[in-house]
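Structures follow.
Heads up, the next two complexes both have subunit A, just with different partners, subunit B and then subunit C.
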Partner chain A sequence: MNSPGERDEMRQDALQEILNISMGQAADTLARLINERVHLSIPKLHTVQASSLNAFGKRLLRKPRGTLTRQSFNGLFRGEVLVCFEQGACHAKLANCMGFPDEPAGGRTSELTLELTNLLASACLKGVAEQFEGSLRFGPPSILSTSVTVIDYLERLKPLWKEALFMEISFSVDNLEMSTDLLICVAGQDTDELWSGVDRLLGLEAT
Partner chain B sequence: MKHAHSEVIEQLGLGILIIDAQFIVRYANPFIENNSKQKSLAGKSLFSLFPELPQVWLRKRVESVLMLDNTTYTNWHQRPRLFDFPSSRPITGSARLMYQSCSIFKLKSAEKDDLVCITVYDSTPTAVTQQRLQNSLKRLDKERNYQVELNRKLEETQSQLVQSEKLAGVGQLAAGVAHEINNPVCFIKSNVECLRDYIGKLQSLIKHYDDLLDASLTPELKVKRDQVRQSLDMEYVQEELPEILDETDDGITRIEGIVGSLKDFARLDSGQWQYADLNEGIQSTLKIVHHELKYKVREVEQDLGELPKVQCIPAQLNQVFLNLLVNAAQAIEKTGSIKVTSCHMPERASVVLTFTDTGCGIPASKLDKIFDPFFTTKAVGKGTGLGLSVSYGIIQSHGGTISVESEPGEGTCFRIELPVEQDNH
Partner chain C sequence: MLSRKNVIKALPESWDVEVTECKHGLEALEACRAGKAEVLFLDLTMPIMDGLEVLERLKGEDLKTVVIVISADFQPEVQEKVTALGALTFIRKPVTPEQLEGVLKGSGLI
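Showing the complex of A and B:
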């Protein structure tokens, strides 16, 4: 039998692998939808202590400041996706690809931001759900703030959780000057469902 | 149970519309039928039934839903509605059309083509409440801004009040002092004049005596007389006397000057209100102070615009110009320049004058003190500290403002704005 330490490492590796495969598929789907080459970074896993958000901030690859959105999901496991759109990101071209008329009116920009959140969250988690042979349902996305970094926002919030799993992915589109960061977040008390899914895939089901 | 499901869907206060990938309606529940005032929608094209739908956008959304098998949402906040349904508040509402939040998702079906479901939620109540809130917020915001502005004005008025209170108090004191000093100065002055006259007489008497004595004295007596004269140092006394008198006169003139400015300050003898050309006032004042300026400033630069006649007391305004020009000259240590400008501001019904120098400047810590009576940084005898407070009072009584900007080491600019017409004179 494996020691707990070894088991944790195996789980992490497996999850990383699952995420990598999912992002490949997601990039493909998104590219077909918006007719542009899409890049999704290799996801980076972070175990975050609410008491040391600062340390987490240092480990983040990028910490853009801009519009922060969220969307909740449940089903196979539950959590929230946070998306940070860097300030000044050029949405206009993307708006066209997504069937929005040209005029970039105020309300339309936030609708576009919300729909992008929805697309990114669905695309990135679709593959994960499929590999787990389960399904995820998403609630409507909403905007948290229009000028903030994730860390700022979480620090202000005084989170309810003590520990959480954050999966960091960055998204960019060829020919568009925008890069967007996506965090798939699962609170500590909800990670059991995630890990038992991973265990099932690894054939490590609890005896 | 199957029956119960369809019953629920019929009763639901939520629009449910099912279409296929070709955008042909497969099902619409009564909510949709009732609101669109159309029956038996099934089999018809979505876009011909609802021409208001944004086609390009909706097609793209449906495409993404089919591809990702997810749900996409619209919110009344960003997109008030998809369908032009009438408002659910025809009587008490303020909008004609219903606010909607919609969701679009894929239905897995037995058929080979996938189906798409659109749900329509009536957000009118939320929208109405939210809009009312928004309006209240806007109103509150406006009121708050108004109050901030009011507070600012209050502070401004208060500081002006403090300033004018000080001036009023000092004004009374100055009036009293001026009066008290004026009397003795007057008789000192006339006495000194008498003295000068009498001393002249005494001196010519002595001269006379000398001439007489020179003709009649024996040599021994002459030596005696010269000895007495020498022991009394008469030569020096006679030489010194006129100088002493001159100095005394000088002192008296200075006292008169101070008393005069004290009087001005208290405005004991304020002139008459009239319409005057301020450019003329500036130029005549420049002539008066010429001798004070000429060592430090080659020429006072003038940029005088065309001005309407301004209702004012010219003598008082000239006093202000004089104070500012003398201050400017005194601020310049060796040589520098002074510039005077004037211009008309028709849209504000006012004129603006500026007096700029390249003198020593005023440190920020002293900027709010310079208008205080008796505040001076100049040596005793050179500054009274009254010039600017007098000026401040005069400009205020003309309904105008005087302000200062200064950069230590660079120079100072005084700016005066005066209304062309007085409200109540």
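Showing the complex of A and C:
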């Protein structure tokens, strides 16, 4: 019998490994699309109280600032993916790889950013859902801001959550000067389904 | 931790070996230097020192450990790189006992 502390550690470790496998799939999808090596960070988990958002900002691997997008999902569990495109990627090459006819400018850049959000969010979470033998449905992606930080955005949403689980992953592609941070956010009240899935994979009995 | 446990669980029961677990690449490299690893099952995404650096160091120090890479990062360029750095083979996570047995048999390790 494991102590509650050991059980939590096992769950966190298992979720990190589930994400690692899923991110590998997402990186491969992106790498094949753009024909470039994609570098991945080790997935990091953060359980955050809304009252301590600033401390969370300090714990993030990087301090993302750039174009921030979001895409919600539901099904097996529900939450939201936040994507921050930190640096200006080489849009011409990206656009070309994704089937855009010309170098995007203005509206086209927005369209490409949304396409990339959709690609990354669905590729990352598809692997998670597969490992849980379930499925997820995605809402349309949207651009939140080109100037607001993740922490600023979460600050605005404070009335809607007290505690949440954040799964942090960073992608980068050297040749495209592309550096992207992805946060999968699950509000405290919705984490039970996620942890139940982890427990099933670990063979842990329900408490 | 789960990753290591999955690999240990997938090892053939009949394979009479002593297993040393390492939390990151540097520990793995030190285990190889200490002669504790004839065969190394190596993840690529690790803290402190990643798997590619471990492979580079093993090659640079001419250590004769047989390395089987087991990783979630299976991009073609990554697979080519680990092979060029001397890994015996690449297995995509999650590994199954059948896969591991096939690789170990195929390479004459069992």
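Assume the second predicted complex is superposed on the first by the 197 of 207 C-alpha atoms of A that agree within 3 Å, B and C clash if a C-alpha of one lies under 4 Å from a C-alpha of the other, contacts with A are read in each partner's own complex, and residues count from 1 in each chain.
Simple rule for what comes next: a contact is a pair of C-beta atoms (placed from the backbone, for glycine too) under 8 Å apart; a residue touches a chain by one contact, two chains touch by 3 or more.
Computed from a predicted model, the values in this text were never measured in an experiment.
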Review point. Are subunit B and subunit C a fit on subunit A, or do they clash, once the structures share the same frame?
Key: fit
Practice item. Figure out whether A:L40 sits in contact with subunit B (first) or subunit C (second), or with both, or with neither. Key: second
Practice item. Quick one: classify A:S196 as touching subunit B (first), subunit C (second), both or neither. Key: neither
Check your understanding: Regarding the shared-chain residue A:A31, is it in contact with subunit B (first), subunit C (second), both, or neither?
Key -> second
Exercise for review: Determine, under the contact definition given at the top, whether A:S172 touches first (subunit B), second (subunit C), both, or neither.
Suggested key: neither
Exercise for review: Name the contact category of A:A14: first (subunit B only), second (subunit C only), both, or neither.
Suggested key: second
Review point. What is the contact status of A:T146 with respect to subunit B (first) and subunit C (second): first, second, both, or neither?
Key: neither
Check your understanding: With the two structures laid over each other on chain A, which partner does A:S72 touch: subunit B (first), subunit C (second), both, or neither?
Key -> neither
Review point. Centred on subunit A, what angle do subunit B and subunit C make, from Cα centres, as a multiple of 10°?
Key: 130
Review point. Which partner does A:L119 contact after superposing on A: first (subunit B), second (subunit C), both, neither?
Key: first
Practice item. Once the two complexes are aligned on their shared chain, state how close subunit B comes to subunit C by Cα atoms, in whole Å. Key: 15
Revision key, fill the gap. Footprint intersection on subunit A (subunit B / subunit C) at 32
Practice item. Going by the contact rule at the top, pick out the subunit A residues touching subunit B in the complex. Key: 29, 32-33, 98-101, 107-108, 110-111, 114-115, 118-119, 122-123, 126, 137-138, 140-141
Review point. Subunit A touches which residues of subunit B in the complex?
Key: 54, 56-61, 63-64, 67-75, 77-79, 101, 103
Review point. Which subunit A residues qualify as touching subunit C in the complex?
Key: 10, 13-14, 16-17, 20-25, 27-28, 31-32, 37-38, 40, 42, 202
Review point. In the complex of these two chains, what residues of subunit C are touching subunit A?
Key: 1-3, 6, 45-47, 71-78, 92-94
